[in-house]
């Protein structure tokens, strides 16, 4: 009996999740729009000018949330991957798959805005700073994951292989980060901190938190929308997909 | 053979395998016990190879269980492998090693020692006299298959899972292989065999399952 | 557990000895890549001495990665890999054996060759010694980590390039501590700390990487 | 207003950062929409073909 239940669970969970994902996606999208609008308003009109970095510091309101999201999404993907490997559920692998492009995008935004912040502050577009270098490596890890997924035709093999890669990556991230930091201190890296927490004004902190929450909601909205597409792509022959009656929509 | 009085048994419970978009079989259930020969038939693409790979534990089924002595083979892993001999489409022999070396390495990895003398005797029995110490890449297709099949004579596994064992074999070898399989079954072992050509696998305790009949 | 390990190493070494030409390809690649840099940078001895640790290390890293692509593919093609997954031996032990054999054939020659290449870059004797030590600790770690990537990309169309994309980011710590050890010695700081970090990475990857590789091989043979 | 866009001399950097972020976060949902529509169309087409076959 119990194995029958598991059976049912495995087969129909993408089907039952499909409509649920839509609800989550729409709700998160609304929250994201509101939070990001508030966050942008605060970034430009409420938060005061920094006495050291002038108006240029406002970049951190997108840079820091994007960096946090890029790291956090990788961890979430790894957690889904582990679940998928242990319980052999397809949906968890699909969730990891759906999150990857968004995570990679945030890693890219983090690098881009970091570079735009560094140019006026340090005078160069690129500095081999420990954080920036680690973020670059994180982007490589995302790209590797997506490339591996794309290279494997059988989706189930793709699920399991990319899950292993994610877990290997997540074990390695602290080691990579530590080694990059070691390397950086030995080579007299830049001493300027990007988000010097000590000088952070309270409104700045609140603004950053609101932006971060907005990015969170955005990520959930996009990931849920993408997981719906992934489900359709992978389950296109399943009877429940045919019964959706997608014609016209 | 396993010690103790329980007869070996392999149970397949509501097995379902998917390849890409295609469901190869769905809710497939059957059981095989010691002294039985299971002959799997089916057209190309009906999922015979997939089923055998699942039975060997190489392939993770979409759902359902395969149980050896009542326990899921996924949980048993190495313990199940001890009782299993799988022969797939590939011969599983290294072209740079000789037949004797191939046979001995396979034996050691399977967990038992095979001395040089026995290896030579087995290879002679299977009709490779004079080719024993030649790198197997110099052998013909049929001879390579014989090297792979020599493992059947050396092995002590209970469950034989053989995927198309008769391909590339001549009439004499087919006869020999049939005898070996029937002897194994008569000794209380299990043999699960696929063929697509009509090789007479009939003997005592032979059961035939045809895959791909019902449309999944 | 040690007996199958011994036999798998013996098996792979026997095969490698019977196709000796393959062994030299990796080594020649290493020599050529490292010799290319002075041609691109200029023969200034001081500049070369400064960048030597990085170049020799990156060269060794690329050579070891290229060699790794082959570690499982032959066994995958002829079906011996699936037989290995079906033996009563723990797959991770067999994987360790295969990696060790592979390292003996492709990694050790790099370690031996490195000081010769170091001479091209005017490195002093004690620096060369540390270079060898760092490679001796580092290349097996590279093989262990790279084997995960080789198993994940087994049988895929774009295997080689994909392997590089997956594995190179994971190689970064080994590169940092490996080249760092040599550089620290050259600048008189001493490379002890770096070498012990390398040893720690080697031990960690010896414990963890074979498990991941074994899991990846099971997936690849699915 | 001009002063606001000038950002105390940091205009290029601030707007370059916020701009690319906005671009990415608007482009991603749009691209996703395209992908979703193409698979929906394909499923609808498959369903039509199936119906025709049945008739």
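Going by the order they are written in, the chains are A, B, C and D; count residues from 1 in each one.
Following the convention adopted for this analysis, a contact is a pair of C-beta atoms (placed from the backbone, for glycine too) under 8 Å apart; a residue touches a chain by one contact, two chains touch by 3 or more.
Predicted model only: the values in this text are computed from it and were never measured.
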**Asked** More C-beta contacts across A-B or across A-C?
**Response** A-C
**Centre-to-centre distance between chain B and chain A (centres being mean Cα positions), rounded to whole Å** = 47
**Complete:** Averaging C-alpha coordinates per chain, one finds the centres of chain A and chain C separated by a number of Å equal to 32
**Item:** Centre-of-Cα separation between chain C and chain B, whole angstrom
**Value:** 37
**Asked** Whole-Å distance, chain B centre to chain D centre, using C-alpha means?
**Response** 53
**Complete:** Note: chain A residues in touch with at least two other chains are 154, 156, 160, 236
**Item:** Residues of chain C engaged with two or more neighbouring chains
**Value:** 222
**Request:** Can you tell me which residues of chain B touch two or more of the remaining chains?
**Result:** 60
**Touch relationships between chains, expressed as pairs** = A-B, A-C, A-D, B-C
**Item:** Residue ranges of chain C touching chain A (in the complex, touch as defined)
**Value:** 148, 152-153, 156-158, 162, 165-166, 168-170, 172-173, 176-177, 180, 184, 197, 201, 204, 208, 212, 215-216, 219-220, 222
**Message:** Under the definition above, what is the set of chain D residues touching chain A in their complex?
**Reply:** 4, 7-10, 12-14, 16-18, 20-21, 24-25, 28-29, 32, 35-36, 39-40, 42-44, 46-48, 50
**Complete:** As the complex stands, chain C meets chain B at residues 3-4, 7-8, 11, 14-15, 18-19, 75, 77-80, 82-90, 94, 218, 221-222
**Prompt:** In the complex of these two chains, what residues of chain A are touching chain D?
**Reply:** 40, 44, 49, 54-56, 58-59, 62-63, 66, 101-102, 105, 108-109, 112-113, 116-117, 119-120, 218, 221-222, 225-226, 228-229, 232-233, 236, 241-242, 244-249
**Message:** Please output the residues of chain A touching chain C within their complex, sorted ascending.
**Reply:** 85, 137, 140-141, 143-144, 147-148, 151-152, 154, 156-157, 160-161, 164-165, 167-169, 171-172, 175-176, 178-180, 182-183, 186
